[in-house]
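If you scroll down you'll find the structure; I have some questions about it.
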Amino acid sequence: MTETDLTYTTDEMMSVAAARALYDGASCFVGIGLPSTAANLARRTHAANLTLIYEAGALGAKPDRLPLSIGDGILGETADAVVSVPEVFNYWLQPGRIDVGFLGAAQLDRFANINTTVIGEYASPKVRLPGAGGAPEIAASCREVFVVVRQSRRTFVEQVDFVTSVGYGRDGTDRARLGLPGAGPTLVVTDLGIMRPDRETNELVLTGVHPGVDVERVREATGWDLRVAPDLATTPAPTATELTTLRELQAATGTDTGE
Amino acid sequence: MAEVVSLAEAVRSAVHDGDTLALEGFTHLIPVAAGQEIIRQRRRDLTLVRMTPDIVYDQLIGAGCARKLIFSWGGNPGVGSLHRFRDAVQNGWPAPLEVEEHSHAGMANRYVAGASGLPFAVLRGYAGTDLPGVTSTIKQITCPFTGEELAAVPALNPDVAIIHAQRADRAGNVQIWGLVGVQKEAVLASAHSIVTVEEVVDELTPVPGAIVLPSWAVTYVAEVPGGAHPSYAQGYSDRDNTYYQAWDAISRERDTFESWVSREVLV
Amino acid sequence: MAEVVSLAEAVRSAVHDGDTLALEGFTHLIPVAAGQEIIRQRRRDLTLVRMTPDIVYDQLIGAGCARKLIFSWGGNPGVGSLHRFRDAVQNGWPAPLEVEEHSHAGMANRYVAGASGLPFAVLRGYAGTDLPGVTSTIKQITCPFTGEELAAVPALNPDVAIIHAQRADRAGNVQIWGLVGVQKEAVLASAHSIVTVEEVVDELTPVPGAIVLPSWAVTYVAEVPGGAHPSYAQGYSDRDNTYYQAWDAISRERDTFESWVSREVLV
Amino acid sequence: MTETDLTYTTDEMMSVAAARALYDGASCFVGIGLPSTAANLARRTHAANLTLIYEAGALGAKPDRLPLSIGDGILGETADAVVSVPEVFNYWLQPGRIDVGFLGAAQLDRFANINTTVIGEYASPKVRLPGAGGAPEIAASCREVFVVVRQSRRTFVEQVDFVTSVGYGRDGTDRARLGLPGAGPTLVVTDLGIMRPDRETNELVLTGVHPGVDVERVREATGWDLRVAPDLATTPAPTATELTTLRELQAATGTDTGE
């Protein structure tokens, strides 16, 4: 047995921290890319009974490598049940059956609203992004939402240019007013640390930093005046098991995936 | 009853300038060969509908076939952006591209309404997002029993749906298995349909997880082995992930794209 | 995750006086044994929901378990009428039975809305019939895009859905094949569910045409071989057509029915 | 080969006449009982490419005997496709894809409205009938509707006690006003003869009598002042092939079926 190299990248720390947030027995609606990496890592470490749901129609997928796309054949082949795309959204997501929606973001703001539509003006965008996909209803209907995204000033902005998926709305109070069934984003995991919404205002607050990251570095990568929790935690470094499992998953896949 | 014809003939008969087309496939079974046949036959002014426009729509847009895109997620899955789509939206090249965008849930329900002969569908969706502000086909509706406000979206009823499937029999019954996406709904929502298949067989032996589209619900069947490449056809071929990556480079610049079209499609 | 328990335990835990129950099955896979267990446990004041109430509902009604029936077609299929149902509606015996009746299309869509977490469903239905005049759960709704008038029906969300299926694995995943009816929708629309199965197996080997209800969408699984008798379970048993005919004589008079219940169920 | 007994019952004449109305290549939404007998007879005689659709979920069923119920196993086992009950109604019936809806009736009136709900007052019925089933939407959405029913004054009434399924409405003019997609009942086949709606008024008119039946007998079995077409036809008697096929079907079934 070779010894695991315990040196890890910030992306590895992010995936490990995101995976840890998933609890055993949960059902998780998984976006491709970083969320899928984290969810599959969780299933292979502490959460063997995690039910992975992919929007292409796989309920309870058990891939032995990372899927390369949202409709990778391995998802259907290993699933408990394969259903049509309308059924995924109507029978499984919409009624609030799914515990955790696991999303990425191109922009994320102070109130955890997500933009994956455009940078700039909608009518004449600076950058046209892929669009909504399943995210608006995942964000609305899952019991809670985890967001995993690399942190930078370009991504973490005061106000998203476009609300593709609602976190807590433009002023943090929309969710209750809209009667959205799920609790919304309860956790944001980045390559630098961990944020959670303030219980009162729903503003994202830094509640944890990864080992070797100081608060100043996180604030520099955040486009608003980031509040820091009084009991700021430091994320435990990835364990050998976590790193080995993550690296094996990625090796089995052959290539890293990005949405 | 479906007619079994060549792909060229099916496109020639069914697809006209100005039509609304849905080439559906959710990563699996994408009708790429049919899309390229449309480029080859130089159809213009098309309204293209798809939940997940990927590289075949990038090709149709870059080749100047499209006037409008109705969609919910447009990207090169597992790789990144669609450069031809971006160039059309951001710079109007080779022609301006009108976009009408929804969420997956909204698009799926629009197909369901279309397949069901209903003018609209109801869903819990869009609330609080900026989508209703930019997409006029999202409205509110009130539940007549509870008074709750929900989202309403209009049915999609394309002129032609185009899908790829594993098999058809000689009578034109179509069999699809694996991740079946929204293909049945797209076909049933559309006035006409073209189904390319890996093979035409004497008999459709049962396969676990398979659905069958009866011949009388399909217009044309065309045998096009590998017609989903670079996507995959479960039981027949694997996804060509390298092609998706290569597409990023081919499509990034207008001239490399154009030489690719001349070389690979317009031949 | 579903718990694998005995039928008696499942009914004891899940079914309470006053509950709304849907025992679904469309000729195939009717959960008859479960219905008789409910009679045995003497549940009262139930609202019974089913598209096609047949002899197991006749038994529940005759045994005095039901207060209300929500349905679209009540009969002894292939034979004739349900005498206990008729006696309850026409003469209030053994108790008055409130009826709320729809068409199949309406009932199916009510389950779909229930399974989808929507408060109502839209359909083209009921127009010109006398049903809206006697059923308050049929309303009109206007399409916000076309102005067309359509029918709206409220979601069904029973307290408990009860179905019969061919198999489950030890984790409680349920596999159903053949005519699958509206059973998936009934289970997903309900707060809790009981699935009786022909057998509990180590592994659900794939079967063409099968659907799977994942364990986490089911509350209880109970192994009850022959639990659909006299209906059938494709791959396990044939329909007992003689029983349906015999039921006509048994159920025609109150005393023959009552002695049947004492003899065959309450033992 | 034994010679066919060409003596036939009125029920046999009815089934044969109803079967003849179905044309090859049509799709037919089939009710159980008399409609199913006629449809299966048609498929085994002149209409081999008849697509039979049963509401339990069988599209293109090809039973080699008469199904004993609407969900008889033989329907699913022989079908081109098996779908869920919601799908039958939403994706197949509702959009108007089906050519012919083939229905029975407990009461039928002058304007071909069908009652299968109650005889007498709804709140205190003399006879509680099975109810609507699939019929209201079959009657509304199929391109046309055929009704097959035994004729008597009890069944053929001036006004049905309850409109379960619309023919042409209480005064014969409702169908257009309601915007129903299908043309409505274009043919009624009984054990005595054949009726079709008048082109102007939609009133059912006797257009044919079966061999040996005179008009007076039909009028006696009709609860309204039945009009008779000037060019009244006499139905050709069942052929040897028709009778043999029908009897073989029923023999294979073992028992006759009634809804």
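We just call them A, B, C and D in the order they show up, numbering each chain from 1.
What we mean here is this: a residue touches a chain if its C-beta (ideal position, glycine included) is under 8 Å from a C-beta of that chain, and two chains touch if they have at least 3 such contacts.
Quick caveat: nothing in here was measured; it's all calculated off a predicted structure.
Undergrad: Any chance you could name the chains that touch chain C and chain D both?
TA: Per touch definition, common to chain C and chain D: B.
Undergrad: Round to the nearest whole Å and give the separation of the Cα centres of chain B and chain D.
TA: 40
Undergrad: Need the CA-centroid distance for the pair chain A / chain D, whole Å please.
TA: That gives a centre separation of 57 Å.
Undergrad: Between chain A and chain B, tell me the centre distance in angstrom, where each centre is the average of that chain's C-alpha atoms.
TA: Taking the average C-alpha coordinate of chain A and of chain B, the gap between them is 28 Å.
Undergrad: In chain C, what residues contact two or more other chains?
TA: Within chain C, the residues that touch at least two other chains are 112, 117-118, 123-124, 148, 184-185, 209.
Undergrad: So which bits of chain D are touching at least two other chains?
TA: 90, 94, 141, 181
Undergrad: Could you draw the chains as nodes, link the ones that touch, and say if you get a line, ring, star, complete or other?
TA: Shape of the chain contacts: other, as it matches none of the listed patterns.
Undergrad: Would you tell me which residues of chain A are touching chain C in their complex?
TA: On the chain A side, the touching residues are 25, 27, 49, 51, 59-60, 80-81, 90-91, 94-97, 141, 181.
Undergrad: Residue numbers of chain C touching chain D in their complex, please.
TA: Answer in residue numbers: 26-28, 51-52, 71-75, 77-82, 85-86, 89-90, 101-105, 108-109, 111-112, 123-131, 134, 148, 178-182, 184-185, 209, 232, 234, 238-239, 241.
Undergrad: Write out the stretch or stretches of chain B touching chain D in their complex.
TA: Contacts found on chain B: 1, 112, 115-118, 173, 184-185, 188, 211-217.
Undergrad: Considering only the defined contacts, which chain A positions touch chain B in the complex?
TA: Answer in residue numbers: 32, 55-58, 68-73, 75-77, 82, 84-86, 89-90, 93-94, 117, 122, 124-137, 140-141, 162-166, 169, 174-175, 178-181, 255, 257-259.
Undergrad: Would you tell me which residues of chain C are touching chain B in their complex?
TA: 117-124, 137, 139-141, 143-146, 148, 150, 152, 154, 206-210
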